[in-house]
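You will see chain A twice below: alongside chain B first, and alongside chain C after that.
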Partner chain A sequence: MKRVAVIGTGQTKHTKARDDVSQTELVREATTRALADAGITIHEVDAIVLSNMELFEGRALPEMWVGEGAGGYRKPVTKIATGGTSGTSACIAGYHQCASGLFDIVLVVGWEKHSEGATQTGMALTDPLWDRNVASGAVGNFALSISQYVAERGVTPQQAAKIAVKARRNAARNPNAHLQMDGITVEKVLESRMLADPVHLLDMCPQSDGACAVIYAAEDRAKKLCPRPAWVRAAVTRHDQPYIGDLDRRLVTMRTLRDAAREAYQRVGISEPLKEIDVAEIYEPVSYAELAWYEALGFCAEGEAGRLIDDGVTEMNGELPVNPSGGVLSTNPVGASGVIRVAEAAAQVMGRAGDHQVADVRLALATGYGVYAWSDVMILSAG
Partner chain B sequence: MQPINILGVGRTDYNPKPDISIPEMVHRAVQAALADAGLTMKDVDARVTASADLWDGLTASNVAITEVVGAVMQPEARVAGDGLLAACHGAMSILAGAYNVVLVVAHCKSSMGDSDGITNWTFDPIFQQPLGLNDVAASALQASTLSLAPPLPCPIADGAAAIILSHASPLPTPHLIGMGWALDEHYLGDRDLTDSPALREAARRAYTLADIDDPKRDITFVELSDQFDYQRKLWASVLFGKTSEVAHTAKTSEVSARGVPPFVAGLDRLIEVVLRLRKESGTALAHGCWGPCGQGQAVVVVRQ
Partner chain C sequence: MTELLRVSHTMTLSWRYGTSWYFAEFIRALRDERRLLGLRCPVCRRVYLPPRVVCGNCYAELSEWVEVKDSGTVRAFTIVHIPIVDPTSGQPRPTPYGMALIQLDGADTTLNHYLAENNPAKLRIGMRVQAVWREERRGTLSDIVHFAAMNNQTMNDEQ
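Then we have the complex of A and B:
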């Protein structure tokens, strides 16, 4: 396996509706910024991996139309789509393509333009015999699992609201983030409209228009092109049962994330993730999920996630800052959201995260979450 | 590139299957491939699946087949494109050292959908989709530029195909020695529809990896994705040159991809190649394409 590193990233400004650009132009914006960040031209890109959930915009094979925005004309283009994990799965696919030795430089671009479609309709297109009637869409099925998680772990609405506040405060330092809510407080989260008990409006992620690109280079090129590349150390995927009813205690166990993290930590040699990882960009579609992911990722013992946020351990100035970018709770163009996690983790390692840069990052974690409980884990490092 | 062994292949027939679901259909192809390879699902490290959401009427259409491809608590990547592209990606993940044994599966149940309506949504929504273009209309346009008769619509076809790839094999097996794929221009008005630069580029990449200097000499036989009649002649001329078109059309199998579901056809071509190479030695080419007038093109070279 060739060593591979991220040498550049680029994002659009994420927002509710980018009426001024097409999907192709949106992808071109992120691509152009990533190329500039990497200091290369599109002619140096050997292959392209795209990520998008086409039914959110009601398209068929959107890469046919949008691919040229990523410079895909006459180049090898592969589109990966696995629900919410599309972006991280595309990043893992791009990593594999680069590590295969067939390509020196691989561009990964994820995008979503929710304003052009009906996301809830797209999410309702689940199994037509069973799940479509009972568990379609993110809010309802999350509320089911969260209720079980709250009952078993005893986390409180206040602790979940602290996660929501942390995300939006971090987003205020990220000019690309969609939600900009400087004055957000725990009280405001708890006073926001109840969507499905116990999930309030401000506990949930938004729907965003946006694109994000990551550029990988094989070792020789990476060393020449980037003073501080973000080396890929582990990339692990786990999928799970396709029916919500078969996922007993989903958030409590989150077995896909737990198992993927275990394998990734083993590959890198991490035994105490809270101490050894410097920053984490994790895919948290709802505030309660971040608490559950803390346990699955081994940041704390089972039942200790609430204490972690109470003690400020995952705040910007804490022991392990989680989602300095503002996370999915602040920005969520689904096909891009996983790519954003990897791009933000890489930018932290490369020292290019701007106002939300964490000091002295050597080891960064990025995760993806999709469908009912699919997980991706990537670990990037400075060396 | 390091050769990748093709340990097993399996597929369903491609008749409409109103009596079985997508997972049941995929299960049959997967089990056939495992049996052919003499493996069980426990031997598989990862999967690459190929399907299209709008054809399946499902968001993240691989959700429906998670169990039957053995992806519960296991790695899977899903390519939204032709199965031959999924095979290329599976081979790359092996070359990357990520996995030893990879199952590649493609499926489509076109009897469930409205082909004309779905393929109309493949065109950009600003200029081409409003014209009412779909796969058949676009192919008729391409056929007319070649002075060939308008194509008949593809028959409704349902089915799945599966192969198993590995970096190692206890027995001599056909092995993948070259692969390439590329996207062409999207706007039909910007394309020379009598040509396919994407296919030429895909083939160039595959030949380079396979150390093939003269494809006319070195390729023993070819399996083309010719869902429309006129495509066989076009793809053959792009791969081997117009002057030798007749000779190399003769090298193509009598077995047409017409009647094989979209997204399955390329993997089906690869299976045809593997089955023939088990009986005779040689170097063969499998071709896949997807999108309007073959906008996406993939080529795999296999040797026994």
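Then we have the complex of A and C:
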């Protein structure tokens, strides 16, 4: 197995509606930016992995329509689908392709144009014999899990709101982010419309149009092409059971993320994640989920997540900044969201994160979340 | 610059999903006998709803049918305030409405269903609820209108 590093990333400006570009053009925008960042041309790319949730746009075979935007002609092109985790899973698949030694340079591109489709309808097309009888949607399902988490851990709406505020203020320093709200406050989050108790509008992620690309290179090429590549140290994915009622206390236990993180930490030799990891880009579709992920990722003991945000530990100037980019709470083109986590973590290691750069990043964590049925964890490092 | 346009497209689609023997038996018992059937794992003894071929934890084949009651315990709840599309009608469901994960008596999984109550102050994790059935059954979960708090037991949690 070869050592592999991220040598370039590229993102579009993420926003509510990119009527000025097609899906193909959106993908081309992210791809050309990643190629420029890596300092290579499309001719040097050996294989391409795509990520998109086509039911949201109602367009079959997106890997065919959009492949040319990623420069896929006469190259191995595949698409990965694991729900919300699709982007991180595509990054893990791209890493596997490169690490196998069969391909030297692999491009991963994820995208979504939520403005084109009926996202709620796409979400409702679940198991026809069981889940389609009940209208709960993503927000309702999250709210159910959150009620258990709140009851067991005692986190408050104010602590969740602090997560939402942190995300949108961080996003104000990220030119690509969708929701940039420098003036957001805890009060404004709590006064925003109630979607499903206890989740307010501003506790929830938006639906965005956007694309993101990541370029991997195998060891020799990475060293030649990039002064400070972001080396992949661990890439772990875990799957779990399908129905909402299958998993006991899903948000509380979150065993896919716990298991994936444990294995990733073991591979890298991390025993105290809060102290050893310099920055984290985690897939937090709702404010409360970020608190639950702190526990699942071992950033704190069970029941301590509220204290972590109260003490500012995960703020930009804290011990472990979480989501300097503004996270999924600020930007959510679903098929791209996982790729954005990996791209942002890599950019932090490479020192290319611009105004939301954290100082002296050597070890960065990226995660993906897919309907509790998947969790992905990647760890990138400078050495 | 040319003005940007959007082209709208609306479709009506239909599907026919096979039930397999598992769901066929579940649907028959629900429709004809108003009984809810789960399947017990021969290894871990966990009782699953909905019915399925395999226990995900043990990868053991499931074949032992177990009757599950139409009463249960609320394990999680919310009040939905946004109009979410009701998959059975294609139209937004009127709000606010209560939802819960209910562990039916005899099952180890929980059921995602509606609550009669939509006042969060009257809901608690651990409260006991009972299914309210429609007069005519078709063999789907929509044969249950919603779950209502059990009489005189709203303040009397499970033991």
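The rule is simple: the second predicted complex is superposed on the first by the 378 of 383 C-alpha atoms of A that agree within 3 Å, B and C clash if a C-alpha of one lies under 4 Å from a C-alpha of the other, contacts with A are read in each partner's own complex, and residues count from 1 in each chain.
Throughout what follows, contacts are C-beta pairs under 8 Å (C-beta built on N, C-alpha and C of every residue); 3 or more make two chains touch, one makes a residue touch a chain.
These numbers were taken from a predicted model, which means no experiment stands behind them.
K.L.:
With both complexes superposed on chain A, which partner does A:Ser89 reach: first (chain B), second (chain C), both or neither?
P.N.:
It touches chain B, and chain C stays clear.
K.L.:
Considering only touches as defined above, state whether A:Pro128 meets chain B (first), chain C (second), both or neither.
P.N.:
both
K.L.:
Once chain A of both complexes is superposed, is A:Pro206 in touch with chain B (first), chain C (second), both, or neither?
P.N.:
A:Pro206 contacts neither chain B nor chain C.
K.L.:
May I ask you to decide whether A:Gln148 touches chain B, chain C, both, or neither, giving the answer as first, second, both or neither?
P.N.:
Touch status of A:Gln148: second partner only.
K.L.:
Which chain, chain B or chain C, ends up touching more residues of chain A in the combined arrangement?
P.N.:
Greater contact footprint in residues on chain A: B.
K.L.:
Using the touch definition from the top, say if A:Gly71 reaches chain B (first), chain C (second), both or neither.
P.N.:
neither
K.L.:
Give one of first, second, both or neither to describe whether A:Asp240 is in contact with chain B, with chain C, with both, or with none.
P.N.:
Both partners, chain B and chain C.
K.L.:
Just checking: does A:Gly140 make contact with chain B only, chain C only, both, or neither of them? Give me first, second, both or neither.
P.N.:
second
K.L.:
Hey, what residues of chain A end up touching chain B and chain C alike?
P.N.:
58, 127-128, 240-242.
K.L.:
Taking the complex as given, what residues does chain A use to touch chain C?
P.N.:
For this pair, the touching residues of chain A are 19-20, 58, 120-121, 124, 127-137, 139-141, 143-148, 151, 193-199, 240-246, 248-249.
K.L.:
Would you tell me which residues of chain A are touching chain B in their complex?
P.N.:
1-2, 22, 24, 53-56, 58-61, 63-65, 67-68, 72-83, 86, 89, 92-93, 95-102, 122-123, 125-128, 235-242, 255-256, 259, 370-371
K.L.:
For the complex, give me every residue of chain C touching chain A.
P.N.:
Per the stated touch rule, the residues are 4, 6, 9, 11, 15, 17, 19, 23, 48-50, 56-57, 75-82, 84-88, 93, 99-101, 109-114, 120, 125, 140-142.
K.L.:
Name, in rising order, each residue of chain B that touches chain A in their complex.
P.N.:
Residues 1, 46, 52-55, 57-60, 62-64, 66-67, 71-81, 85, 88-89, 92-93, 95-98, 118-119, 121-126, 180-186, 197-198, 201-202, 205, 209, 290-292, 295-296 of chain B touch chain A in their complex.
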